[in-house]
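Before anything else, here's the structure in question.
We call the chains A, B, C and D, going by the order they appear; numbering starts again at 1 in every chain.
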């Protein structure tokens, strides 16, 4: 049994790691940390995690944790994660970081968007961007995984085949994304109170959201040239799920069926990407609680535009499920272990 | 007191007309029709309409209705509305048609998108597109109002100032819209059952939605040249509200503040358009149950793109509220009568 | 124009007072206070209150407010309200207090349930419990109204006719109530975050909720003898609305129709109580945003039990609407002014 | 591998059986029937069931199915299930019937409440009421399981320890239950359309709901004497979950802690019943998607009443999860197989 620790276990991604790992036959969770909730039982915060009725949150005591676990999931706030990641990696522990701290390969870009200094640029070089559909082989050999952001996961999976095949003009990409409220995390904040979110729908962070450079970094790598995108996130009155609707001008005349077949080929061996039939489009509800990504697309002949829609569960494929996927790959486990469950519907 | 009849009163737009007109001091609703519910009390279908506890649905007997009312609201299904509209107009009655039948000035376009023949092209010529912000003077003199669609209202209000000022490239317009479930009407359909819509989010009708030519018609008129757009509607798990996020490339370097001031100037005298301060964006919840349209916008300097967001209540500004606004204008009433109520929040 | 001030305007009941008063032809809101938001515009917190675009929150400076208004609505937290109420009443201002501070006629009961001392027992004696269906005449003459709690309003209206007619055994009363999340107020609290409330349903405060003695006080007065009840509140994933399901053993054999006719007689002249036909039951949705109370009932012959269900909007009939109703009565205005609007549905 | 067939696979309970069985290592689903959807793929109706991408609905051809499977789950409508159940049982197949047809041991009671004749009273005698907490040993030996209703599961688990210990007066039981919308099934019905259910809350079927005799049958068996109850179901705007709040007078003075310890003892060895600590109450959200039942309780000393609250997922513990639990017991599998997953939260 692999011993794993979860640092930052009192948020939704931490709880989701616990939920998923409860079904993993090769893993034992040996520590869960939380500063604010240290000393409380896991079930005090999360009564649904009945499988962890004996577990208690502990403070993040790094030296102590070294002895307790062999692989570390870090679900800490951005910036706060840097130092802990560096520590575990330097001590030879496999680490999956769910924060943004090691996702941007260029520390200057990180510092510009996150308004904080990156203090571990050597460790940064060791990080592998943990999107298995793009970096499976590197992940297998990695010691540090920078687990992708939720919006970037949906956008990169949605656009990669079209970009790689050179079907679209990289200058024209628009990513219009919609997320459930769990994306904001578990916190006391009037803006995310039930009565503020329910029966509402709004855009936020237009042109300034921090996931922008992450999407651009990966799509640029795919396109083989630096590109900038328009990215607009929105808040949907639902718990989980991200749907991204993406637009780009086609470089030449293409039809829906032929592009769909290219997408199908691109994702043929991917266990968690489901390219839908023509005329069908993704629904956040279809992937709720699962690690799957649904992709549908349509060519608008009147405007010569490709429209791609992708759906994921932001807490699973967009965070904790993908983290477990990365762990499976790093450890040489069957990569879908604990991740094959279908969505909860309705 | 103006006597008005509502033809097709058993759907959400019919019920919303009744709700709004309950607060109108100059109007008396003298007939409400429904074929399926004829003989039932209005409160049997809509217990909330307690102000109409004495009203009973009647069949749409056109000759009989002529004697009962002086102004007609038609909330009938598309195609079914044509003949009734023509009848009332030919008999000299002021008519506000909430269907799509008289919105598209070119009958051929109507026939292409609605797959049905237009049999009253002479009457079609008399119709005025009932968006007061664009056609106030014509509406005042009109006998037939083609009340705008919900999505088109949000898109046209959001893009008109930018297009009119020549700020954006008309070839690059994308309208990504999100609507609450009441937009689908009141009907028995598994696809709109609670458990299918709740906790889900999806795109539908990509590149083929019938509101596309309506948006194009009006934006083309504003731009002074024929344009085509990308329009993608989505279904949001909420009762009411449309938020449209719109993208277009800027023709020259502009900043958010200067475009906002142009929008503010454009809507300065409009009682129902609220241009938000820089950094604030519309929320469907802010206009729920009201006739207001919120507009916010941002220039993305990195991509030279204007992003405009608008929010309306699809049943009010997107349907019945706008219909009452049109009635007020046609009748010479103070135009905001019965429409000034703030949104219901939360 | 009556000049009114709202003390404590940054919560949901304050905002709801503003919404309702926006439609009141005889009232002008001359001050809105908030300590935390002093200096901010009303529309900074509540963008939907567009009718108040010129209003700014001010601190609660009592002396200053005396000069500004003739009637005061206080939507302050419990305990915090006592002193301000006393001040305005002593200075001869008509006052409607939406807190619980003046609802319980026995200061000892208040102190037991609210764990705080009552410092103004003389003023307490002047207070009239502001349920117009029970105390209309007293309200007309009152200087201080203790506006009823939301749960108590639903319970008292639901049980009064049965108790008054001696139909039920007062020892057997159970009030099982369900409320939307706005009942908890507008606050930063993880327990009321969207993702915690949505898709959940729970009981809370079983046997200890502070509305218990308020319900008991009023039902005891109706029954003419002291009674105790079981009261269980629950949290429903919706913004607004309270539905109370009430049970009591029948003293003798009765049927649904005869009890319904007694309820209808009891509420015959009440503008805001709607007794439903046999076989129909209230729905929170039918009264959303309105001042109406729906009541339905059924006799269970198998168990000799009367089951009554009532529905109100907790922010309107359960708070701000009833407060305006009380103001109308105190001022001699037509009592339904600004309150006749039907519910927003859907 | 046990070959199982699901008859009636196009509803929510059928889909939920498929979801749960996808994680069962000892079971292979060899047939799924649906008359209306025969010929369609399972993923055409349920895109989330990606694990069944090769499965196609077939008509319920009983002879053919006999050859395909060794155990049958029947998720057919009430009355329609009778004949099929009888056929499979007579042909020696283990059968789990999720309809109500074999739950009521007295055919006369069935006929009175379901208004339909019971044609298979001999088979009825063979049925075992499939609540493992009450009938584990009988289930192990059964050939026919009458899988309990959702409301009855929540009520019987909540009241059994108190009744068995003689703590409460059986004449005073009230069961006030609240269910998510999936309890109504997957169907085209305006009453369950999104906009009708969302933001609403209502009681229905007061004193006449068909689950009443089922609850009474089982509680009578526990109490050792025939009892009648008050049962009121309500509709909650959420997908899944039932919370039942139950009231009964205590026979003698008891406190919360001592009754809780009796409940804990009663359910000590039950893998799926979770008795909460004093002061904590169940939440539908805590069991969403899981087979667990949460129970909390409180003694109201002022009224000498026991209040018990239970929460289950109506589609899992209230239907398909319990059905799989029953299958596990019948087959001698470890009884929690495929059922230990924690709830999906948020």
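Assume a residue touches a chain if its C-beta (ideal position, glycine included) is under 8 Å from a C-beta of that chain, and two chains touch if they have at least 3 such contacts.
Since the model is a prediction, treat every value here as computed from it, not as a measurement.
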Problem - Each chain counted as touching chain A and chain B at once - result: C, D
Completion exercise
More contacting C-beta pairs: B-C or A-C? The answer is B-C
Handout entry: Inter-chain centre distance, chain B versus chain C - centres from mean C-alpha coordinates, in Å
Key = 36
Handout entry: Centroid spacing, where centroids are CA-atom means, of chain A and chain C in whole angstrom
Key = 45
Fill in the blank from the handout: Multi-partner residues in chain A (2 or more other chains touched) are 12, 180, 182, 195-196, 198-199, 237-240, 283, 285-286, 288, 346
Problem - Footprint of chain A on chain C - complex, ascending - result: 12, 180-182, 186-190, 192-199, 237-239
Practice task
State the interface residues of chain C toward chain B in the complex, per the touch definition above.
Solution key: 12, 15, 18-19, 22-23, 46-51, 182, 199, 239-240, 274, 276, 280, 283, 285-290, 292, 294, 340-346
Practice task
Please give the residue numbers of chain D that touch chain C in the complex, ascending.
Solution key: 172, 174, 176, 178, 180, 195-196, 198-204, 206-207, 228-230, 232, 234, 236-241, 243, 245, 247, 281-286, 288, 296, 298-303, 305, 307, 309, 311, 346
